[in-house]
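Each of the next two complexes has subunit A plus one other chain: subunit B in the first, subunit C in the second.
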Partner chain A sequence: MVSRRRRGKRGRGHAPGDPRNIGWLYVLPGLLFYLLFTLGPLLHTVYYSLFSWDGLTAKTWVGLANYSEAVHDSVLRAAFLHSAILIVFYAVLPVSVGLLLTAALTRTAIRGFRFFRTTLFLPQLIAGVVIAQAWSWVYDAQGPLNRFLQLVGLGSLVRPWLGDFTWALPSIGVIGTWVTFGLCMVLFVAGVQKIPIELYDAARVDGAGAVREFFAVTLPGLRNEVLVAFVLTTINALRNFDIIYNTTAGGPGNTTIVPSMYMYQNAFLFNRVGYAAAIATLLALAIFILAAIMLRIGDRPEDR
Partner chain B sequence: MTAGRLDRLGTYVVLGAFSVLAIYPVLSILFLALHKKTDLVTGFALPTHLDLSSFKAAWTEGHFATGFKSSFIVAATVTAVSAVLSVGTGYAFGTMRFVGDRVVFPIILLGIIFPYEATVIPLYYDFQNVPLLHWNLLNTYWALILPQIGQSVAFGTFWMRAFFKSVPRSLIEAARIDGATSFGVLWRVLLPQAMPAVMTMSVLVFVYTWNEFLLALVLVSGSQSHQTAPLGLSFFAGAARAGDPTKVAAAAVLVALPILFVYLFLQRHFVRGMLGGAIKE
Partner chain C sequence: MKRRLAGLTFIVAVALVAVGVGVSFGAKKQTTTLTMWSYDNQDPGLEPVLKQLSADFEKSHPGVTINIVFKDFNSLVGTVPRALASGTGPDVTEGNEGYQTDAQLVKAKLIIPLTKYVAKYHWSTLYAPSTWGMFRWTADGKSFGKGPIWGLAQTGQNVVVFYNKKKLTQAGLNPNKMPQTYAGFEKMLATLRAKLPSSDPVIEEGNKEGYGFIHLFGGIWGASVKPSVVRNWVYHVPGSRYDTPGTIAALTRLQAWGKAGYFNSDYNAVGYDTSAGLFAKGKGAMWIGGDWDSTIIKTGLGAANIGVMPVPPGPSGQWASIGGLSGSWHISAKTKYADLGAEWLNYVITSSRAKTLMFGQQQLPADRSAQPPTSDPYLTQVDKGFTRVANADGLLLYTDWASPSMYTTLQNQYQLLLAGRTTPQGMAQAVQADWAKFDKTLH
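Showing the complex of A and B:
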């Protein structure tokens, strides 16, 4: 997604003068599914958001009233604030930790890296519902975390983490960090192997220390990887539903409510379908805007 | 060059420590599952004997035979259909130019980043009473299959286009000069080479579809015989966690198991898909 713009203009390697409208024949079936069941429903959501509707009786056109309500809804504001906090845990933390570790790892070939890669990647492919069960146990009053705290003499910290008004959200955040840090590490370690060794030699000849070497060589060399990791993990943080629904369901109180959870509650529990559609629209908008900003920042033309 | 043994040791310690962190929550729930309900499980207790009674109980009480069947039907159908469709779209966008291609491709790309969470509300109401046809698709496999094909085609198009673009132009032209039709080029020349890319795409789509939760929750939770394995786990955990955590743990392990097998045997594809898909464009 990074270099698209530069490639765009010069055509895409076609034989000159070779327009083949038969291409539509290959595109049409897939496009149809996409339009009918993905893009269409998204637009339909935007349409619903302009109505007041309980899902059963007739809809009433209310224009932008749902959005003006959204602006003043303190729960929705909390939901987006929680998302912002979760971005720190889901994106900023794993990317930073991943970079730090990558910098710490020597650039010599790591024997057995495949084994480490297999384990580090594991959290990525486990269903959110399963992750929620595993961590509910880790955080349980009788669970491993509290037992560990007792063992090391921090018994005063023991608590049911997911049921605690202050600690529930950070606890959810840690689950997100756990899910994504492996992806970041593998992405970065693989990326570092592709940076030409000459750049490191040159930096050392110039007398660069470990820190300067990191900022002058490693970080610029990993630009694409860091960008991709940020986009992926930020989107995941904002979309977060499975883990919240299956651990805290937004509670205790509304301390872990997030937009997708609040949308679900409004649509299917409170029968406020129009308002739920407005929340969904705002969520989609937030994701598009953040992704666009990140890709724009990452797509500076001066390098490479 | 001071990358001596100490450095290397440090590398392994760091990688090892984080690998343990990555695997520990998974192991802890497996250990919990291997206990009996009557064992008082706390903290890191290792199971003293291999007790599979929790698994048996979870399997029957959580209706996972049906859950697995549903998940398998849905995931296999979505994977197969979206693979065929994506080979088509990827082939067209990667090797041909046609009216409107530069408009349509970015629109499909949007589907990769956009949150499908924002589509469940109209899907629920439109599947309840399909416009014009007046079918009720709620609580059927179709309700899960159709939207997930739509989502997978977005990723699949992006992935297959990247592959078809990487094929040397001369190969296609040579086949055309020999008189091959566009379908002949695809079927006889390109597809055999595309199989690894198709395989990687299929593995990813299968895993994501198997793990999907929100669509199942909204669209099939009214029918026990259609609920997927993750949805079954969610219901089962809600009902049984307080009473017997070992059973819930066993159920969670069961739901993760098929994906772990896929991962063990095809992890090359998984890692390549996640890294390659991320970096390629």
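Showing the complex of A and C:
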């Protein structure tokens, strides 16, 4: 208090590294951009979700009616359940496979490693529509997968995979695993190189085997990478739209419907933009909560 | 803490991008360019006709450019309302009859009533008076089948049976003496199932997009329910119901066809036009679908080897099937060239050049006065399949017109029914529930 009274007009009281109001000027462009294109649309969506609106004519205020409908909507419940199943395929499996491959790579040098790394990462670079088309062909009734099954004497397993009530969702899940595990692996392989080689030497001197070494050295060392991989792939799983839209469009029945697909149907086919906005808000909330939980687990002070 | 905040901010940003829906439209317009949107590009359907007619139109109207854009059905009806509202959308576009699209366009005043042009070009005699119902709406978009005319269509459409004459003969049936009753038709299906190898379906079916069974069901439905009852249900005439004994009986028959193994097992994974193509290559003894695909079938099997007829009538003797006119053409309320747009519509729908080109593509002009060329017996069969039903007042319209979500509901319910995961009663109730939910918003 005292020092403030003595301050001169030109603010000489600031320490050199102290934050000053001018800092806001520096972040202003980014902040404006963020408000305009990120926060704005989010708030807009929340606002729309409080109306009954066909997207064209006048809106009618309905308060939280869209949300109470959503809570009782069995299709939406199914959609979120399918998303939960897809998280296994889009996040849990790719991270596991990625870790396994990384563990193998740290033990043995593989010839042509760069080639494999590039090839396995490639699905990340292909547009979702192209991936969906390619896999539709793989899963086709007369497609390569079924022909292969017939060839090896498993003809009884042959089925139109994407048109099958039981198998359509897992089939889409496998596409997701294929797309994301390369990303996880590249993240992990890069991470492993940061782990001091001494730790591995020490583990080996102590007589640790491959499994022990993985859990004692590699996994703890990759903690941040695993966290990033989980957050990215889980978000990927939850917002999955292009692959579903271009393979099954939610069918057969509603067996592959996911929140984003259902949101699309409501907004663009059923003329129910208000309800679609409510679904979008719930989906964003779900993504936000899941990501927050994961980051919280990840931020836990390391127990050494 | 700061890092966590940054992380959370990042997550919020990603979540927003994930769910944000932003669609932008528009192409810069020169002063005399008219943009038309159409989904009539089924392999190849009307696309070459529209392109040729537009080129003709440009020639007779120097300085006018017709920019005709083809999109698939779902992406067109999904985007056209917002495109029209933006003011940079098409000048003339196809919509779709029914509550999902046309009702919206009328209600939001995105298209204009065609009353003025109906008088100017004498369109009122183009179609039968009852046919005009599918273009009539009250200005609030709530009452279907009455009010001014808002649209116009190019071709007549009907779901018919295409049969492979050679296969029928091989099964000991006479393809020139087809059953004339529904019961006789079902008997023939059973014979075919018994005689064909088990790997070959009786009916090659493609339901990947979800409308295969919506179309196919019309023939069975029409055999046990009066066509006017179905139309009234589509028009939301008060008191109409879907879950009637007649409809449930028909759904039971459809499920029985599935259980009897009449369809290829991969129907949910095969596209509609793809299945027509497979039938044309010799798969299955029949294909039941839209007559607009008749070119695909002719190209594969050869005209002489194909028979065409609607599913024959039930006890009432009235021929009926799913059908109506093709997508409704509208004029944007925001276009500067409404008169020119109407002139183009008049040319592509009523000119003799247009009719010749349509017949040339195996499409049936909606104009009642059009006669197929006598030199083409296959086309005459297809045309007869349409007029037989249309003249008997038996067009059932398209069931999905009945509510914005009806297409998705029917798509799901037919898949469940055919997979044995719902009963005919269960399906009828689910469909009626969709109808009733939407019906409430109309009163």
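Here, the second predicted complex is superposed on the first by the 259 of 304 C-alpha atoms of A that agree within 3 Å, B and C clash if a C-alpha of one lies under 4 Å from a C-alpha of the other, contacts with A are read in each partner's own complex, and residues count from 1 in each chain.
Here is the rule we go by: a residue touches a chain if its C-beta (ideal position, glycine included) is under 8 Å from a C-beta of that chain, and two chains touch if they have at least 3 such contacts.
The shown structure was predicted, so the numbers you read here are calculated from the model rather than taken from an experiment.
J.: Scan A:F270 for contacts with subunit B and subunit C and give back first, second, both or neither.
T.: The answer is second: A:F270 touches subunit C but not subunit B.
J.: After lining up the shared chain so the two structures overlap, which partner does A:G55 touch, if you call subunit B first and subunit C second: first, second, both or neither?
T.: both
J.: One more residue to check, A:I22. First (subunit B), second (subunit C), both or neither?
T.: First partner only.
J.: Regarding the shared-chain residue A:S260, is it in contact with subunit B (first), subunit C (second), both, or neither?
T.: It touches subunit B and subunit C both.
J.: Which of the two partners, first being subunit B and second being subunit C, lies in contact with A:P220: first, second, both, or neither?
T.: neither
J.: In the superposed arrangement, does A:L162 touch subunit B (first), subunit C (second), both or neither?
T.: After superposing on A, A:L162 lies in contact with subunit C but is clear of subunit B.
J.: For A:V231, decide between first (touching subunit B), second (touching subunit C), both and neither.
T.: both
J.: Of the two partners subunit B and subunit C, indicate the one touching more residues belonging to subunit A.
T.: Larger number of subunit A residues touched: B.
J.: Considering only touches as defined above, state whether A:P170 meets subunit B (first), subunit C (second), both or neither.
T.: neither
J.: So, A:A291: does it touch subunit B (first), subunit C (second), both, or neither?
T.: Both: A:A291 reaches subunit B and subunit C.
J.: Which positions of subunit A sit in both the subunit B and the subunit C interface?
T.: Of subunit A, residues 34, 38-39, 41-42, 45, 55, 140, 231, 235, 238-239, 260, 263, 267-268, 280, 283-284, 287-288, 291 contact subunit B in one complex and subunit C in the other.
J.: So in the complex, which bits of subunit B are touching subunit A?
T.: 3, 7-8, 10-12, 14-16, 18-19, 21-26, 28-29, 32, 41-44, 82, 85-86, 88-89, 91-93, 96-101, 104, 107-108, 110-111, 113-126, 146-147, 149-151, 153-154, 156-157, 165, 169, 173, 182, 207, 210-211, 213-214, 217-218, 230-231, 233-234, 237, 241, 245, 248-249, 251-253, 255-256, 259, 263, 267, 270-271, 274-275, 278-279, 281
J.: Across the complex, what residues on subunit C touch subunit A?
T.: 3-4, 7-8, 11-22, 74, 77-79, 81-82, 85, 100, 104, 107-108, 110, 208-210, 265-270, 404-405, 407-408, 411-412, 415-416, 419, 421
J.: Contact residues on subunit A for subunit B in the complex?
T.: The contact residues of subunit A facing subunit B are 1-4, 12-15, 18-27, 29-31, 33-42, 44-45, 48, 55, 101, 104-108, 110, 113, 116-138, 140, 142-144, 146-148, 151, 178, 181-183, 185-187, 190-191, 224-225, 228-229, 231-232, 235, 238-239, 241-242, 245-246, 260, 263-264, 267-268, 273, 276-277, 280-281, 283-284, 287-288, 291.
J.: Hey, which residues of subunit A end up touching subunit C in the complex?
T.: Within the complex, subunit A contacts subunit C at residues 34, 38-39, 41-42, 45, 54-57, 139-141, 159-165, 231, 235, 238-239, 249, 251-254, 260, 263, 265, 267-272, 280, 283-284, 287-288, 291-292, 295-296, 299.
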